[in-house]
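A, B, C, D and E are the chain letters, set down in written order, and residue numbers restart from 1 in every chain.
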Amino acid sequence: MSVEIESRECVVRGDGGVVEQLVVNVGPSHPSTHGVCRVIVHLDGEVVTKAEPVIGYLHRGIEKMAENRTYLQVVPLTDRLDYVGSMYANWAYCRALERLAGIRVPERAEYLRVIVCEMQRIASHMMSLGSAAADSGAATMFIYAFDQRERIIELFEELCGARLTYNYVRPGGVSFDVPEGWVETALAFCRTHRAALTEMDRLYFGNVIARDRLKGVGVLSAADAVAWGASGPVARGSGVNFDLRKHDPYSVYPRFDFDVPTGSNGDCYDRARVRLFECYESCRILEQAIAQMEPGPFRTEGLPRLLAPRPGDAYDHIESARGSLGVYLVADGTPRPYRMKVRSPAFCNLALLPMLAEGHMLSDLVVILGSLDPVFGEVDR
Amino acid sequence: MAVKRNGNGGEARATGVEPRHHEVGAPERTPHVVPITIDVSNDFAGGVGGFFERWRSLLTGLGITGRRALGPATTVRYPREKVTLSPRWRGALRLRGVLGRDDIPIVSGPPTGYNALIEGLYRDDRLPPCVGNCPANVDARGQGYFLGEGKAPEAYELVRERNILPGVLGRICHHPCETACRRNYYDEPVAIRPLHRYAYEEYAKVAKERLAPFPVTREERIAVIGSGPSGLAAAFDLLQLGYRVSCYEKETKPGGALYSGVPSYRLPREVLHDEIDNLVALGLELKLGVEVGTDVPIDYLLGEYDAVLIAVGLQESRILPVPGHDAEGVTGALPFLRDANWKGDAGVKGKRVLVIGGGNVAVDVARCALRTGASEVRLACLEGEEEMPCHPWEIEEALDEGVIAMCSLGPEEVLVDEAGSVRGMRMRECISVFDEAGRFAPQFGENYTEIDVDMVVFSVGQAPVLADVVAGSDISLTERGLLPVDGTLFTTAQEGVFASGEVVTGPGSAIASIATGHEAAISIHRYLRGEDVAADRVARPVPVYAKYQPATLEGVEDQRRRIGMPMARPEDRAKDFRQVELGYTHLEALDEAARCLRCQSEVCVGCTFCARTCPDYAIEVERIDDPGARTVTHYELDLTKCCFCGLCAEQCPTDALCHTGQYELSFFHRDLAIFDRHEMLRPAEGTRATGRDAAHADAPSGGEGR
Amino acid sequence: MSALAWGAVWGLAAGLVIALAALIGVWGERKVAGRIQMRIGPQELGPFGLLQTLSDTVKLVLKEDITPRAADVRVFRAAPLIVFAPIAMSFAVVPYAAGFVPLNTSVGLLFFMAVPAISVIGVLLAGWSSRNTYATIGGLRAAAQMISYELSRTLSILPFVLLAGSMRPLEVMDAWRWWWIPLTAIGFVVYLISSIAEVNRGPFDLPEAESELVAGYFADYSGIRWAIFMMAEYGGMVVAALFAAAFFFGGYLGLPGVLGPIALILKATAIVVLMIWVKWTFPRMRPDQLMKTAWKVLTPMALVQLVIVGAVIPWL
Amino acid sequence: MNIPELRDHLCAIHPDLCPLFSIEFGDGVLSVPCEKLYDAAADLRELGFDRLGMVTAVDHGTEFEMVYRLHSRSMSAAIFLKCGVSRDEPRVRSLVDLWPAALWQEREAYDMFGIEFEGHPDLRRILLPEGWEGFPLRKDYCDDRVVRRPDYI
Amino acid sequence: MALVDRLGQTLDSGSGGGIILTSVDALANWSRGKSLWAMPMGTACCAMELIAASFNKFDFDRHGTFPRPDPRHTDVMVVAGTITRKMAPAVKRLYEQMADPKWVIAMGNCAISGGIFYYDTYSVVRGVDEFLPVDVYIAGCPPRPESLQDGVLRLREIIATGSISPDRVREAVLTLPSSGAVSFGKRPGEGEAR
């Protein structure tokens, strides 16, 4: 529903004619804004002449709060950044902190992190694909995708006792080792998930209406993707082969054999389908990681409750489901961070919306917004 | 779906989607990556074929949804049926117990059942780390509890159950309990060892009234050879079990290695004697100055007594066979210490002394040498500064007193002057001490150092001297002069003969010797009762406890800090054999005992670490800290702020705070969601929250993965 | 009995029937959507949750009836009725049983084509009078859409007029032969799709597109007025299905007595389920694609159907 | 490309930037004076740093430190570009001409720290509502509505 | 609510209307309680659980509750997530757009009190009850979907105390109990008699 009264405005067109434009205010609470985004859309008929996103409706001041929390207390805060993929922010933060404090992470913990993050990628992409499909009206596809996500969430609940805000990746490792039988369930999930992905591909991406809705809509060129700092599936959908797991291989990723799906057209279809194929790749990584994981400690023993890294600053990033998620930490030697900055991929990707939406229809606007997959916890922080 | 690989060419992979792929520009190359591109675009065919493909895609979609519609529903019919929650599920928080309402359990029991008790606690995850990490499983938590309540004699007696000489060990123990103390994680460990000492000092005041001999209830008599810690521990347990025990000591004063090996600046002789006198008062028969083997043959003991325990310890120091090791002025650590302790003069007055070795004994030797008048004491060891095997606080105190440590040096040759006495030592640089597998395999470099000294003390290992003890009996020794002993039962090949202490374990700590004494006592008891010695014997669990990095103390309030042990000034103490540590005052001891977190007791002690760690500051805790009336008066959880992150329950040292499986938390009023102490202690049924989930409420999770 | 009273009785009866059809339609939609989405759907009230929609209706009736301050009050209040009435009227020309059609008019088929199309005016008025951008866009989309699909829907029914030589529903039914089913297969597809579009259901639910326009032309309606919109939608769906069941699949024919109408209702139910199934399977179309489908795909297909039938007629 | 290689590469091409380069916590840092920021950024862009990853600032009490994180896909390298800005008059040249990615990120830095970016086409608040007083991530930011946490650790 | 209000008033004042009123109340409360359509005011993490609650595993529709994005058509606003100062006016406006009778569920701790964002942050509203009349608070961060369903079932208990007559609205007893469960739906003083 609109928040402010709509208005009409007159715009002089390039050819000298005057058109009356309808200004539609989409959001901040709208079924397709994936949270609380407001887009002020100027419409010429059905065609969008200007779409201006207004963000900050979920700006909670997490960066300021982090300055008032101890290093351990920040971890639950990072859960709430990207609430569709809490593990990523956990991990990015912990990596930055580990770099700053010189903490070594046991190998099993790295494997566990990779496993949960790849599962999180699937879960996040399922959410993204599903809600993007729902944006274009395919509610059932949303439920099929969400069903897959729900299974991962059940696995996460087994593993760390929470459904969304896991607080799982901790400085120096992870909070729990896998429970008994969990690994088998995860492998079984991988098998069923592939079939479900193929079914979703046929149901949605094979569908003529969906293709017509997605193809050629919101085209992002590779050059623009790089210049605008896009990352993740948004950049890869445009054919930019940029994936931190390959380009700045962190953790144990170099040990896995996986591919980076990239699109060629840079339209909504490619962006969405890149996500779909990343799920196949995540399944591959999962299986390899589970096979390679060896028993051992899952957490660095002996870290005191209060960490006080030496003064300095560190940045570390991981490839989240939305792109390169970085955390920049400045320490001043006290047990609290001096400054924490989250480099949010969704924020950078969302900046593309005005450019992508211009000239498309109002119906396309929500599809484009969905294909950028913003999560406003992370955009607004 | 097709995969194109540049480079090492793997297999093409099918993922079920028909491929329609074409090259997408040149693959971007980076040093790390084998660029792989999956082209994700596919399109309908053109023309009439495309027309039918389009219609078919619609039918495919209908087919998929239709098939799903015929499949089963995946719904949980919620109010009637509920999902099985993960045991780790972080529901609403509860307290299992609270100080002032619930008691802290005391780990105490008869010697024969003690191991099973510990084992049971360990299995239930209720064993405090200090108890678990102590070789003798001394209940340091119970000590803290009694001392905090102002009941020092009870604390002493509780400690004495497992640590027969609390006063002595309270001065010399290497305190593995403090190493494992959970408090390391928060700030600084509880001063468990100084509290032993304080308990002893308090007990000494009332010892006369509380000491009464154990009643003799059994016929059998037992001889213990050696009055060191392990012998005394075994004797104490056997006395407790109603046996009559005689202890043979070859020296004129009891205490064994505690007397001859430990310098008196660490252990005043009167304390040692006082505690052994206490044992005598409990019924122990001491036979001093009787050397078994020389004065009395062991066969005589075997005849006279029903069981014999050999706990003679180690008497001989190893001396490395480097060139010149037989020169005058080269000696071993034990003879040196014996001289220093018995005579107060080790013949080093004004001499320059070099101690070879990096263990605790070496540091003792070095510090003794200072006190007996050496002009300069150096300590040379193979290991680097970080890896020295001695306890860091020992070397620190030694360095304070003026000992010069020279690390990463291996002895090469003792330089001997014409008179055949030592004039110096040639050392070789040591690169690494251990090989990759962690075995002792020193690697030496090519740098040599020469040190001018007048005396060299080797402190590189000790060995037992048993030939005399067993002379004339059937007991046989190995080629190296060792007694073959079962390492867990402490039985020897000869029936009725047992062995314990460093004879069995090799050089170790006093508390470890005491632990073996307890074990040996159980074996002797079973042997005398005619039971199977090995049956159902509980092997003591040795959990691996985290070794904590020192916590930052910035912002930590003073009352949370460990109370520092008052020490004599270095320049004073280096000159004589008076005590270095001065001991706690009454108030200090009370405060320090109150710092104990009562780990794993499942009783909230109001340590406030949950409140301190909560990222939402949703918890408020207050407690009254009066000895005897210590209670948590206020515990308030604001459930509307809680973020269910689980950090507080993980911090809880006692496991009192835990997550229940309760997740149905609807309230009609915001204030109802604020749980006070009463509410926190309430069991899940009858809570303020709606929709109780009784099935999981009494199976709280948490406590894992700490 | 005067004609007015007779009309009132008929009107009331028709209203009740339509309300019942809508209630069951909504319930069926929720149940079928539930099955497709692997869930249960309404379950709590009555057997299989049948009373759920009744509860919803009572609630909606008892809810506040909001008229936005900016709205054109009279038009705003009248619009639901303008949408509902034509749909209700179109129930009158469906041949329910042998010899029974409530309004036995000689232009029955034309009536069925023409009258429901009036509801587009109501939709347009509803969207415009709400003074809400979403509603305005929704209303305009609805107008464009319903007018476009009206053509193909009409064309898809014309074969029956050709085949039977009459527009009187009962006469068409009398002339009906089983081989009309294969003959008019293409026409049925066109009819089904255009009917879905006519009643603004997915994948043609652009006027109310939930993910774009929140609720489209009825975004500002609440309570009973909104319920009337929903009744019109489900009523339109049911009547379209009844009509298709009668003409494309022979309706009550072939079965004696009361079994005939039951067969008609079963056939109509199947078609309603198909419509629901389609809605919950496909994504929504975009306005331009919608137009393209109407003019470039469905209208030619309907014309092809007409040509086929026209070619067959001389051989009869 | 690892950091020393990057340094050598940088020094070979831009000797003037070489002395400003340092390595901290395993990251290459190029600290430049603020007036040279734009030129240095342009040089780095020429060098192959095609992505502007992050723009932010740190309030050091005495001055603001602008922190830019640049990535290069072709070199597989990343570098920090830092410059200090005076707290009294926080003004720095906008990098929007070089990377459009800076458009929103600089707006965010403005919103949170009040740093004026010269040449930015649309410098408005982005996360906070228009009309918000103060810049919350400054260390001296005061707001009566903030409830302070209890002060224990 | 004009019609219903008038009906309620008429029945209440007229003689013998009480009996009819009681049965109309019963019908109204039954229908209102069993078809609570939700306005999903999901802003943050809790929105994910709100979505999950109406999807296949938890299926809100079984209870007659499903999310409608349009406030005009909904009965209960589920505020799921952090409400910031920037967002609060929009939430309030949406609430005002809802048709009476309407209820508010504050789902999750952010909506109840700001939760984890209570301290040290400058932009978060500490609880939606600062500007909305909240009927049921569901604690959790985020609450499970079952928890939300439980909250909706609790809300029915409040609805059951309602009446279409403006004078007869029974107040739920919402005081802090000394022990035991919350009592509600009980007229004040009724319990003491027995």
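Throughout what follows, a contact is a pair of C-beta atoms (placed from the backbone, for glycine too) under 8 Å apart; a residue touches a chain by one contact, two chains touch by 3 or more.
From a predicted model like this one, the values you see are computed outputs, not experimental measurements.
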> Between chain B and chain E, which partner chains are common?
Replying inline: A, C, D
>> Using C-alpha centres only, name the chain that sits farthest from chain B.
In response: C
> For which chain is the distance between its Cα centroid and the global protein Cα centroid smallest?
Replying inline: A
> Where are there more C-beta contacts: A-D or D-E?
Replying inline: A-D
> Between chain A and chain E, what is the gap in Å from one C-alpha centre to the other?
Replying inline: 33
> Any idea how many Å lie between the Cα centroids of chain B and chain C?
Replying inline: 80
>> Distance between chain B and chain D based on Cα centroids, please, to the nearest Å.
In response: 49
>> Based only on mean CA positions, could you tell me how far chain C sits from chain D in angstrom?
In response: 61
> Which chain A residues sit where two or more other chains touch them?
Replying inline: 1, 30-31, 56, 59, 61, 64, 68-70, 76-77, 79, 140, 143-144, 147, 165, 203-204, 207, 209, 247-248, 306, 335
> Which residues of chain B are in contact with two or more other chains?
Replying inline: 28, 30, 32-33, 58, 61, 64-65, 68, 73-75, 77, 555, 615, 617, 643-645
> Which residues does chain D have that touch at least 2 chains other than itself?
Replying inline: 73, 76, 128-129, 136, 141, 149, 153
> Of all possible chain pairs, which ones touch?
Replying inline: A-B, A-C, A-D, A-E, B-C, B-D, B-E, C-E, D-E
> Which of the residues in chain B come into contact with chain C in the complex?
Replying inline: 58, 61-62, 64-66, 68-75, 77
> Along chain B, where are the residues that touch chain E in the complex?
Replying inline: 73-79, 82-83, 92, 615-617, 638-645, 663-673, 686-691
> Considering the complex alone, what residue numbers of chain D touch chain A?
Replying inline: 24-27, 50-54, 56, 58-59, 67, 69, 73, 76, 78, 80, 99-101, 103-105, 108, 112, 125-129, 136-137, 141, 149, 153
> Touching chain D in the complex: which residues of chain A?
Replying inline: 55-56, 59, 61, 63-64, 68, 70, 99-100, 224, 226-229, 240, 242, 247-248, 306, 312-315, 317, 324, 326, 328, 330, 335, 338-339, 341, 343, 347-348, 350-351, 380-381
>> Looking at the complex, which residues from chain D come into contact with chain B?
In response: 1, 73-74, 76, 149-150, 152-153
